[in-house]
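You will see two complexes here that share subunit A, one where it goes with subunit B and one where it goes with subunit C.
Here is the complex of A and B:
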C-alpha cells in the first residue's frame, strides 16, 4: 500500500525553493559564460557575499516580520543610526568595545520603539516604520551633521578582510551561522509557528493563546539588533559612517525577503528562501561588476527579476488552487 | 419620552460646546493653523518670496497626494510614485528642450505617467501581486531606467517655454501652479462627494468581498484609479519641475514618502476605506509648513526628517486615540454644572 501511494505521487514537484536554486545556478552559469569563468574561481564565488551580508542579516530578521504580515521600512535608517553612533562614540572615547556596545544599544532602542508602538497601539506597521524611518534617519543626520566618521582601530576590519583558508570570508560564515539559528527558530521552535499563525489570522492566533503583542514586540526588537550587527559589518568593509548609507538598503532587504518566497500579506514565510535570494542578489551584483555594468543596472535587473518572480509566484498559487479544486 | 428628554438636553447644551464639532479634520486644521501663525509671526516667512516658495511646494505635493490618497483608499499603495514623477518630468523637459510649447509637453508627461502607472496597475490587478511589492519592484526598474536615459537623466538650460508656468504669479505672490493644484483639489472634492465612482472606491477599500457582492469589480476600480494616478502624477511632475531650469530625473526619488506622509497625517487609514481628501489637503499644508519651518527657523536641513517622523507618529497616535471617548470626557467636564442641577432635581 505504502509503496503504491508513493508511486502515485509525482516524482518531481516544482517548489519555489527549487526555482530559486535553479535561478541561482543559472545566473552563476550565465555570468561564468559572459565573464569567461572568472566567477567560478573559489575566491570570487565565496567573495560574492561580501557585498550583501548586511542586507542578508537584515533580511533574515525581516523574514520574521513579514511573515507576521507586518513590515519594517526603518531597517536602513536603524543601520545608519547605529553606524553613526558607533563612529561617533569611537571618535570621542577611542574605546571600540564601548562603541560597539553603544551601537547595539541604539539598535535595541530603535527596535523597542517600533515594537512598542506596533504591539501596543493599533497603528499599522507600515505607517509606524515609515515614521520611524524618517525619525532615525533624521537623528543620524542631526548627530553627524556634515562629519563622516571614518577612523577605526586596526583590528576592526577583520570581518571584511580576513578569510578562512584565504577563501571563505568570515562575514559569510557569520551570515551562515545566523541563517542556521534563524532557520532553527523558524522551522523547529514554537515561535516560527506562532509567527505564521499571526500572519495568517491574527484574531485566531490570539484565541489560540498566542501572545500576539509579545511576539510582535520581540521580532521588531530583534530586527533592530540585527540592524546594528549589519552596521558593524558594513563599517568593517567600508569604514565611513554617514547617515545616508542605509537609504537603499531597506528596499533591497525587502526585495530579498519577497524574492525568497515570503508572502508580503503574511502567513507564509521562508527563511531558506531569503538565504538563497540574498545569494542571488550577491551573484547579480558581482556578475554585473565583472561584466562591467555597475550602478543602477543592478536595480533595473533586480526589479525585473522581482516582477517575474512575483508573477511566477501568483501563477504557482493559481495552479495549486486549480489542483485542489479538481 | 425619548424625544422630550433629548430636546431638554439639547436646550441645556445650547451654549458653545467644542466637543460637538470636534472631528479629526478639525483637530488637524487647528494644529496646522497654529503652526502657520507661529511660523508667520516668528520668521521672515511673510515676505512675498517666502510665501511664493511655500505655495509652490504645496502645489505639487497636493496634486500627488490626492493621487496617493485615492490609491490608499482602496487599500493599495504606490511607493513608486516618486520615481515615476521623475520620469514624467524628464520626458516633459526633453520635449520642451526640443522647442515644443506647453500644450505638447504637458500631455507628454501625462501619457508617460499613465503608461508607468498602467504597468503598476496591470501587475497588481491581473497577476494579484500585492501593491506594495509590485511598486517596490517598479522603483528598482525606474531607478535603472534613469541611467539608460540620454545624458544621465538630466536636462539643463531650459528656456522660458518650460519655466514660464512655474515662475508666473498672480497678484505678485500667488504662483499659477498653485491655482492649478487648487482647481484639481476642488474638482476632486466635488468628485468624491457626488460621483458614483467615489462610492465604489470606499466600497473596495472598506470591504472587498462586500464590494464584489454589491456588483462592483474591484480590479476594474483599482486599475482605473491607477490610470487616474498616472494623470495626476504627470501633472504633479510639471508643477514640480517647471519652477526650475534644470530637470534631474532622480531628484524625486524618495518623495513618495512625503506623499504618503501627507496622506496618513491627513487621517486616511493605510488599510483603506477610511479617509477624506480634505484631511489630505490639510496634511499637505502641515508637511510643507514643517519643511519650510525648519529652514526659516534657522535649523539645518537635516532636522526636517526627524521632525517629520515625530509629527507622523504624533498625528497617527492622535488618530488612534478614541475620539468618542475624548468627546465624552470633554462633555463630562463641560456639563458639570448641568449634572449637579439634574442631581438636585432627582
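Here is the complex of A and C:
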C-alpha cells in the first residue's frame, strides 16, 4: 500500500513540467492565430526573451526563497535602488566599473538586511520584506529626486544591441546559464535538500542538523544580488535609471515561481518550472502587446493566474493529504 | 531520478529552441527582410502604408488635437494609422519603447513618436532604421542619429523670443523675479524652449530686460495635472516675490492659474506667459489672468507628421532637402494668417511646421481639432 503511494509523487513532477511546456507552446499558437503569425517570426519569438531576463533572474532566486516557505516582496525596489545607485555613481565618477560594483553592493546590502531580520528574528518574511520594499523604494526616490540617470558609456548598451547569430539575445543566454547553475544547486547539491526541508518542516530540519538561519540568510542575500544583476541588464536595455522601474516585477516574479510549481507554503520547489513559467509570462506579455492590449490587461491576467495557481495547488495538497490519511 | 529526467527534458527544449534559432538565422536574413522590410520600392504595386504613432500620453487636449489631425491625414492619404499611448499619469519611456518594439515586430513602414525621453530607447529606434522602417519624431525629439527627421512645430528660437518678449513687455514698468515651470527634465522640446528663453534674456539683459531676474531653479511640474497644481502652488507660496511665470508645458498653464486663484493673488500681480491649448486657457483669458497664450496648431502638426512620413517613404522627400511643400502650405493657419509656401527643413533634420501663434480671447475658436475633430476647421 505504502509503496504504491510513494511511487505516485515523483510522477507528478514530470507531468506538471509537461503541462507547463504544453501551455507555453499553446500560448504561442494562440497568439500566432490572434496576431496574424507575427509572433512566429524568429526575430519576434527570440526577441521577446529580451524582456524576460530581469524577471527570470529574480524568479530563480525567489524559487529558493519560496521553497523555504518565505517570500521577498522587496525585489522590485532592490532592483530600482541598485539601478539608481549605478546611474548616480556613474554620473558623479564616470567610472562604470565602480558604478557596477556599487550596484552590486547595494543589492548585497538590501539582501543582507532582509536576511538578517528574517534569519535572526521571528519576524515573518512577508512583513519584513513589505517594510524593506517601501524602505528601498523610498531611498531610491530620495536619491534621485527629479533626476533620471541616463548617461552611460558607449558599449554599455551592448546587451541591447548584439545578439548571438544575430537572433538570440545575449540576455537570454545569460538567463539560461543562471538557470542551469540554480538547477544544479537545487537538484543536486545539499542546499536544495536543506531548503526543501526548511520549507516542509522548519523545526524538524533544525533538529536534523540543517543550518536554518545560515541558509535563510544566504538565500535572501542571494536574492538581493540577483536583483542588482537584473538592474544592470535592465539598464543596458533601457538606459534610464529611475525609482519606479522594478515595481511591477514583484508580481511577475512571484507569479512565475508559483506557476512553475513551487509551493507557496514551502517544501516543494521547481527551478525548471520557474524557468518555463518565466518564458510563458514573456510570451503572454508579447502576445498581448501584439494584439494591442496593454500592461493593465497583463497585470490582470497575472493576478488571475496567481489566484488560480494558489487555489489549485492548495487543493491538490489537500487531496494528497486526504489520500495519505486514508 | 525523476527530477533529473524533467530537468533534462527542459534542457532539451531549450537547446532545441536555440538550435531552431541557429537554423532560423540562416534563413532569417531572407525571410525577415521580406516580412519585415516595408515596400519602399516604387516597382511594387501600391501597398497600403502602415504607420505607428505614439504621443507622449493620451487623454489630454493637446494630444487629442494631434490625434484628430493625424487621423484626418491618414484617411485623406489612405494610410493605416496605429495610434498607441497611455493616459496621462501612466505614461513612461519604457511603455513607449514597448509600442515601438511592437511596431517593429509588425513590420510597419514608419514609426512616428513624440518622445518622453531623448535617449533611453535610441537603440530600439536605430534597430528600426536598420530594418528599413522610417523613424520620424514629432513634437519632442530624440537624439539625432536615432531618427530620420523631426517634425518641429516651431523654430525653438522663435518661441523663446515671443515668450521672453511678451514677458518683458508685461513687466516693463515693474520688473521682478520670474520663474520657469516645465514638465520634466528629460523633455527635449521643453528644454530647447527654456534655452531659447534664456538666450533671448541674456541677449537683452542689460537693455529691455534690465529689471527682470530669474528664479534660480526650474520647476518640473510633471505630466500629471494634480502634481503640476501642487508644484506651482508650492513655488508661489515659498516665493511670494515672483512677478512672472513662464508656463511651458500644457499642464503648467492651468496649474499656474489655479495657484494664483487659490492663493488669492490679485489679477495682474503675476504675469503668466505660457504655452497652452487656448480652449483650456479660455477662462483665464476671460478673467484677465492671462493676456494671451502661445501655441501652434497641434492638429496641423499631426497632419504634417503623417503626410511627411508618407512622402518620405515614397521617396518624394529625402534627407538633404531644404524645404518641403505639404497640403498645408499656403493654407490657413489661424483666421487670416496662412502657412508659408513651404516648410523649412533645417540641416539637422528638423521640419518646421510654421510660426508660433499668439492666441487671444478673440481668436481661440480658431484652434483646430479640440474639443471636437472638426473644431476650428474652416470649410
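Keep in mind that, in the parts below, the second predicted complex is superposed on the first by the 290 of 326 C-alpha atoms of A that agree within 3 Å, B and C clash if a C-alpha of one lies under 4 Å from a C-alpha of the other, contacts with A are read in each partner's own complex, and residues count from 1 in each chain.
Here is the rule we use: a residue touches a chain if its C-beta (ideal position, glycine included) is under 8 Å from a C-beta of that chain, and two chains touch if they have at least 3 such contacts.
No experiment lies behind these values; they were computed from the predicted model shown.
Of the two partner chains, neither subunit B nor subunit C is touched by A:177.
When the shared chain is aligned, subunit B comes close enough to touch A:307, but subunit C does not. Contact with subunit B, but none with subunit C, is seen for A:127 once the two complexes are overlaid on the shared chain. Of the two partner chains placed by the overlay, only subunit B lies in contact with A:135; subunit C stays clear of it. Using the contact criterion defined above for the overlaid structures, shared-chain residue A:292 touches subunit C, although it does not reach subunit B. In the superposed model, A:29 lies in contact with neither subunit B nor subunit C.
In the superposition on chain A, subunit A positions 295 are in contact with subunit B in one complex as well as with subunit C in the other. Listing the residues of subunit A that touch subunit C in their complex gives 10-11, 13-14, 17-18, 21, 38, 41-44, 46-47, 146-148, 150, 157, 160-161, 165-168, 176, 180, 183, 187, 237-240, 244-245, 272, 275-276, 289-290, 292, 294-295. Residues 77, 123, 127-130, 132-134, 136-148, 254, 257, 260-261, 264, 269-271, 300, 302-310, 312-313, 316-317, 320 of subunit B touch subunit A in their complex.
Considering their complex, residues 71, 117, 121-124, 126-128, 130-139, 141-142, 145, 243, 247, 251, 254-255, 258, 264-265, 295-304, 306-307, 310-311, 313-315, 317 of subunit A touch subunit B. Against subunit A, in their complex, subunit C makes its touches with residues 1-7, 9-11, 13-14, 18, 20-22, 24-25, 28, 31-32, 35-36, 84, 86, 92-95, 97-99, 101-102, 105-107, 117, 119-121, 123-124, 127, 184-186, 220.
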